[in-house]
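Take a look at the structures listed below.
Below are two complexes that have chain A in common, paired first with chain B and then with chain C.
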Partner chain A sequence: MCAAQSRKRDPIVGTSMPTLEAADKVTGATLYVGDLVVPGMAHAKVLRSPLPHARVVSIDAAEARALPGVVCVLTRDEVAAAGIEPVYGFVYRDAPLVALDKVRYQGDIVAVVVADDLATAEAALELIEVDYDELEPVMDVDAALADGAPLVHDTFSPIAPELRPVEGTNVCHRASIAWGDVEAGFREADRIYEDTFSAPPVQHCALDLHACVAAIEDGAITVWTNCQSPFPLQRELQRIFKMDARVIVPYVGGGFGSKSRDRLECVVTAAAQLAGRPVRLVLTQEETFLTFIRPAYRGTIKTGVKDDGTIVARHVRFTVDVGAYAISGARSANNTLKVATGPYRIPNALVECDAVYTNKPPSAPYRGLPTTQHTMAYETQLDRIARDLGIDPVELRMRNLVVDGDVHITGDLLRSTHAKECLEAAAAGIDWGKPSERPDKPAKLRGKGVSCTIKYTLTPPTRLSENGAEIELREDGLFEVRIGTVNIGQGSDTTMAQIAADGLGVGLDRIRVVHSDTALVPVDSSTTASRSTYHMGNAVLDAAAKLTADVLAVASQLLERDAASLALGPDGVEADDGESISYEELVRRSGGPLTALGECVVGGTYTAPDGTEYPIASTFWSFASAAAEVEVDTDTGEVRVLRMGAASNVGKAVNPDSVRTQLEGGVGMELGPTLFEQLVWDEGGQLLTAALMDYPLPTMETSPLYRPEIIEHPLEGGPFGAKGMGEIGSVITPAAVLNAVYDATGVMFHEVPLLPHKVLAALEGRK
Partner chain B sequence: MRPFEYVRPTTVGEATDFLREHGDDALVVAGGTAAVVMMTLGVLRPDYVVDVGFIPELGPELDGSRSGGAGLRLGALTTVRSIERDPAIAGAYGLLADAASQVANVRVRNRATVGGSVCYGEPQTDLPPALIAMGASATIAASTGVRTVPLAGFFEGPYETVLQAGELLTEITVPLPEPGTFGCHAKFTVGSPENKPVANASVLVRTDEAGRCVEARIVMGAVGPVPVVAEAAAALLAGEVPDAKLIAEVAARAADATDPQDDLRGPVWYKRRIAAVLVERALSCALRKAGNGTR
Partner chain C sequence: MRPAKTMKIELKVNGKRERREVPPSRTLLELVREDLGLTGTKAYCHSGICGACTVLLDGAAVSSCSLLAAQADGAEVTTIEGLAADGALHPIQQAFIDHFGFQCGYCTPGMVLLTKALLDEVPEPTREDIVRYMGGNICRCTGYAGILASVEAAAKALSTKD
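Right after this comes the complex of A and B.
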């Protein structure tokens, strides 16, 4: 085969394929952290606070320590004695390894018992006596913002430079962004609408429960975990313990943000240090409810429009309940400022947010962060406006949606937009424009609704490389792709293998992927915010280009041919004239494996073809739409989602099946919080929905007919034009469902979940 | 989960002897679908787990032969799935099959037993209302002897029954209904059917040739500490050929008899409303069956 032909082989990027690990997963061969056994390993159990807010007067663990089989008990005293840093946190350093002076939510970690077996550890928990001095809890944002409210933290400890706490309050971050002149905009408006929306906390409920094994050997830490951010965790471990650390993340059975930042790893490492042997901690499902949750949200949105539906001004104020520790939640609120006004041309905008401490468990991103709730707020209001103005909801959106070349409220120049095409495709998925079929019972009503959104990705304020990828041509002639991306079920190994294969011009069978082990792969910031396909994809592509050049240079010498006449073929480097050298031989004769490091540089500014420079508030912007058809039972208030269309402009679908299932998964997952999921605390701060028995989850029974559609308009700068899309299915779901219910019943709901009793009450005008 | 000693008796006598000794510290486990969940949550922390699943005497006896054709004997280990599917039950005991078919999902139904669903005493379970409507009784064995309790008097409160420490439920007997008796079960859950229901309702009716109601029983679950028998509501049907108006009236009267609690599944007013909707649905369904003569 000649080189010119092999270069023209069918691309692998853009071809649907099962993930590389699919067979192992369905046969149960895949190991997750909870399956790992390290020689000499002991087991940990956590003693949690029964109170939402209290001073810890004393902890007596003597009896627990005396129990046969107990290795050690970690409390604040042992942390102090060990001389390690007692507090951790990613954007806020405010979370103690174990409670210091106070506990700040029901479930806060007070002590860790390490024992030879789990049963002993569990038994020992009951032998620890803790004396608490109860404090008044603040269980929601209103209570936390009230004058004279008890303070969850007396001092603030932000790490991320953009965070702005308000001294003397529970506000750990207050921020705003402005665009145009919002007051002038409202003066121009023919009509002004104002609505307030709220959503309670929920939990991600990943199948793979939070788990971690920590071992310290020869003065170095090794941690196996299912955390989505191995490298930031590595840095945190090194800071706290002043030792080298290695973080290994095997396959992860879902995170959805619940594992976006470390939460157990430093605690378990401290326990392992005290125990003098490796320690494993696997949380129960009930404990995950106390670990990281989606924050409660409330947003008030005021929109000014012209009589023809043109939006002229929008003011959004929202609060995010970050819970007891702002490890992660404070920045989540900040990041969504830039998408709170939606994918619309808005000349005048103001967005303000408060991130507020309360005595709830700490919050973490949840597949799309509050973008989902923002979308719910602005999209449901838009349907109210549409009805008021007598304009079809799709038409009203078409008049206002952004297009390529528009400038967003952040000043970013929008590219690879195609929001209108997304809306059309999603709407077509439920036959928008055609009336619903008549339900089989008169007590049932059907309706249709749509939604549109814009989503950002995590983006640094200045130009820098956030991640690398390495490709090595090994002695066995295989290309090893080393990536920091955590394979969390999204199929990242496969996506990166596809990108590497096409970048190199070799077959998928030549590619091996090594993932998320800080000792083996280059640094990566995190597997969050739909960032991997773009960022890691680019780094892989960069590495492939560099390695290709290196390999061709070596081959050029060995084959005594001009590098320009050579190309990578299926089994080796091939020359135009038919000469070739196998990869194995090339490595052997070049004296060892060839390795190249690629990177992905982001941030800074974007220079348009006309030379104008624009800021980059988001490395790429994602656009998507959903359309829902629902049936409402007016006897019971039950809402059933019959069909869901969903479409996203993903730039380029590297593995189209994966893209479609991500869209479906996002929609299906978010139907839970839309229809029935919620975490509920009583006035005393006790979690009532403490187990799955009282916390319904979506199942096949609640799944609609999915109609996912891929829209592909390549993004300049994306690998093969691709951008991220892992969260977007979630983001668009509640708004479309709420709008469909509005269409069916004429009642607009200003909160989720759409619990049947609330729906029935609203239908009947009950308070 | 707290460590425990696992005991596997093979006869009722062996089981009750063990329970006489250790009844207070022992937990009987049949299908385990409720018991094991309670253990993993730490709600139940027994020293001994007595697995009764290997006692042949507790096995199903679906054809009614032992009771001379005058009724149905369900050994305590009869699975919910077999109640749903067994042809011997589908006919005269159709209400039971209907209720069984609405329990959770196939996985749970395959393991869950009739004994477990009764002894659990959870107000939300599906089989107790159906069994009470059909006039079933429980046979209870202890090392000291055997007693029989009508299921209508079996439940004392949430998770509380007449069963004493040391006792074992061995079988449920259901009298053969009069010809012309038909029943339906209805339930309403938020989200998936595995979730605890807002309410459920079993309705049994017997009509004469003219379509007049001769007898009716209405029993509702999850709307009181124990299954609620709505006698006054059922009495409204006596001698009547029910129309939509009467059905609605009966449903409303049945809901009046409930005593629900405000909880995660809804406020009191809503549970009453759902109880009425379910009685209406189950009653309409039973009358429809009676009208067609098909169970």
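Right after this comes the complex of A and C.
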């Protein structure tokens, strides 16, 4: 333990505080990408395909180019002439900057117009003539998997080594994991249940519209964007344009996965290169629905149990509709193989998935990938099992939930679980076990339901550091913390400042945070998968420890004291005997700022007690539960969520109010897809729910107002014991509501959203 | 290439008189964000549903994306930049900070101004009043409990201040 930590000082980690940027956010001073103006910039609009699947025969943009005020029009011809790489993608390199031979969904990017002002760019779109040769689209997974189905892509181009396409089909990734002997498990079972669940696509509806500004100056690219992965984007820009690139991500107004990977930045950079001046593109809300969506999901789950409710085998088969481009969707499907059987002790399991190309917009993670839909499937089925066996749903879960020391179906040894405590806390939030109050009319029925989940985080297959953090003691005596984490609303600057302050032993007033600018901060893989607090937090803590040692070594020389007698104080380094040197003076006399780089090494393998080596499937596992009380109006089919409870074991809450708000927000957001949100295409592949007018979102009027519980059992290896929790609120929500409706009506729903007409039809069927 | 016809309008924005010539199709949102550079007013749906672009027009909360700039001729407009007086946060703004009424902050200018309109109209709102009124604006991050707490705290702070 370093001397700093031995000094008396109240910890900052674990204290609730407003985010550092809070005052700017309530005064409107915070700048998001769409607010940025770069001198000389022109404005871009995108020409999108009106067809879901077609060959692009010809594009004639001459008239558009001739329109006064138009700077240029970027089509496949200009991309070819520029000699840049025409295709991009993060785990699959399958997305063209602009359409090459084909368009693959209604909304696919065909051309980009750059003009002096937006109105001119919009007018020019109308003047571009595109001749299409229509192809038969495959609008869902069934159509895409049918024999002889049209192929969305003729060839496969996976980048990530774990991806396994099936040649000659639309399956861009087929994978499975097995644990124990699933067939033997089913033979051992007293009862076997099989159900199929599905969920349609939805969109994230982050209010901060996808936007970017690209500029090329002195042979180097600068891109301002609200993408959640600035460093992978930097590498992609450098690969495509063979130029140096800098990516700057200012404050972001939510992403929830819709900005997890770049989608516009490369094409806007190509437009800026062609235009010879900076170009800004801000999408409309309708265009965001054509950019990234949450994929359609279907899963069939077969579970074998003993009469006492013990689960002995589980087989899950699921499909994910990755849409037209598998930019990240294929890997999302792969990752959730690990969690498809739930937070339960399951001795025999088999999980299989197909990630399938269709002619829908590309898919992206949505606050927890298909983990949400897996949870909906296994948790709703579990209530059917509970009813059938006559066991209370909470009790049935208690009998099967994992505890510390259990081994997951990936072979991982589970730590910091406390799944049972999460369930108890969530259930208490709706007074589980007590009957609901009587509704105001007999046609209304009330019921309660719970759900539990397990979630993983992105984990590299080999042992390595995917992110760094730097802390510099500056000339002005302040500690500058440099992090790649994108501040997307989760308050990461504050979390990291708190961790840095406690790591160094100084006050928050001494900390400054610089975020997500590839020229100023060390590399970071992404702000996704609930990974930042653990990974970046550890890197910050590592940097703080290294910088502390360096500062004390310098102070030891300057003060002529043994380093062991020194510690970092509020304004400078202090010795046991009262001697001190201010930070400003220390930097001045040591010849300049002191900087330390920290890292967080994860991945690789671990050795089980029996000597078996397992790859670590997830650096940490997150656990949470939700509980819902609903009222179903059997006259109208309307489902209202009256109350909710939620709880997650977060290891350690660095900023507890911030953690609580994120958990609450995840639950609240997911009530939309549970109750009413869905994207619908007609048979011709046209998106019908394209605008907010046809796509309602949760409001204060439709949301239960409650506060979730934080459970803290420190995770060994986490910064101050913390682990990730940013997405888990979403994951636990649909199943709790479905189970409450099941309890209220006796009808088990196998799909969301619970639209009134579907509820009515199901209730009709019950009679 | 566009019809050159413009309209002359005069209005007060955050207490400052503005005389502008605008095309008839210019929205109040465009006027505020692009002509006046007041980017605290945000845009998302451009159809008057989400409330991110809320401003006060003669004290009433309106979606600036769905109003023409010409409709604000002669009116007094307050944007989020006009709420804090002399660098001190308005009690509503302070309440949103204290009660975690936001995360990403994108809906916050609209939420704060909607709260202002509510509390000007109904100084001591019931919870039902708040839920009905604030139901007009969308927040994607918070789940609304923090916003409710912020509005309740702001109402209290303003009533004890008077």
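Criterion: the second predicted complex is superposed on the first by the 748 of 767 C-alpha atoms of A that agree within 3 Å, B and C clash if a C-alpha of one lies under 4 Å from a C-alpha of the other, contacts with A are read in each partner's own complex, and residues count from 1 in each chain.
Here is the rule we use: a residue touches a chain if its C-beta (ideal position, glycine included) is under 8 Å from a C-beta of that chain, and two chains touch if they have at least 3 such contacts.
This is a predicted model, so every value here is computed, not measured.
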item: Contacts of A:Glu21 with chain B and chain C, given as first, second, both or neither; value: second
item: Partner chain in contact with A:Val639 - chain B first, chain C second, else both or neither; value: neither
item: Touched partner set for A:Thr699, first chain B, second chain C, both or neither; value: both
item: Touched partner set for A:Ala500, first chain B, second chain C, both or neither; value: neither
item: Residues of chain A touched, compared between chain B and chain C (which is higher); value: C
item: Which of chain B and chain C A:Leu760 touches, first, second, both or neither; value: first
item: Contacts of A:Val741 with chain B and chain C, given as first, second, both or neither; value: neither
item: Contacts of A:Ala119 with chain B and chain C, given as first, second, both or neither; value: both
item: Chain B versus chain C as contact partner of A:Phe676, first or second or both or neither; value: first
item: First, second, both or neither for A:Thr689, with chain B first and chain C second; value: first
item: Intersection of chain A interface sets (partners chain B, chain C); value: 119, 123, 284, 691, 693, 697-699, 701-702
item: Chain C to chain A touching residues, read off their complex; value: 1-2, 38-47, 49-50, 52, 79-81, 83-84, 89, 93-94, 96-98, 100, 102-109, 112, 130-132, 134-138, 140-148
item: Chain A residues touching chain B - in the complex, by the definition given at the top; value: 119, 122-123, 284, 286, 635-638, 672, 675-676, 680, 688-689, 691, 693-694, 696-699, 701-702, 755-757, 760-761, 766
item: Contact footprint of chain C on chain A as seen in their complex; value: 18, 21-32, 34-35, 67-69, 119-120, 123, 204-209, 251-254, 256, 284-285, 488-491, 657-658, 660-662, 664-669, 691-693, 697-703, 705-707, 729
item: List of chain B residues in touch with chain A within their complex; value: 1-3, 37, 40-41, 188, 190-196, 198, 264, 266-267, 269-270, 273-274, 277
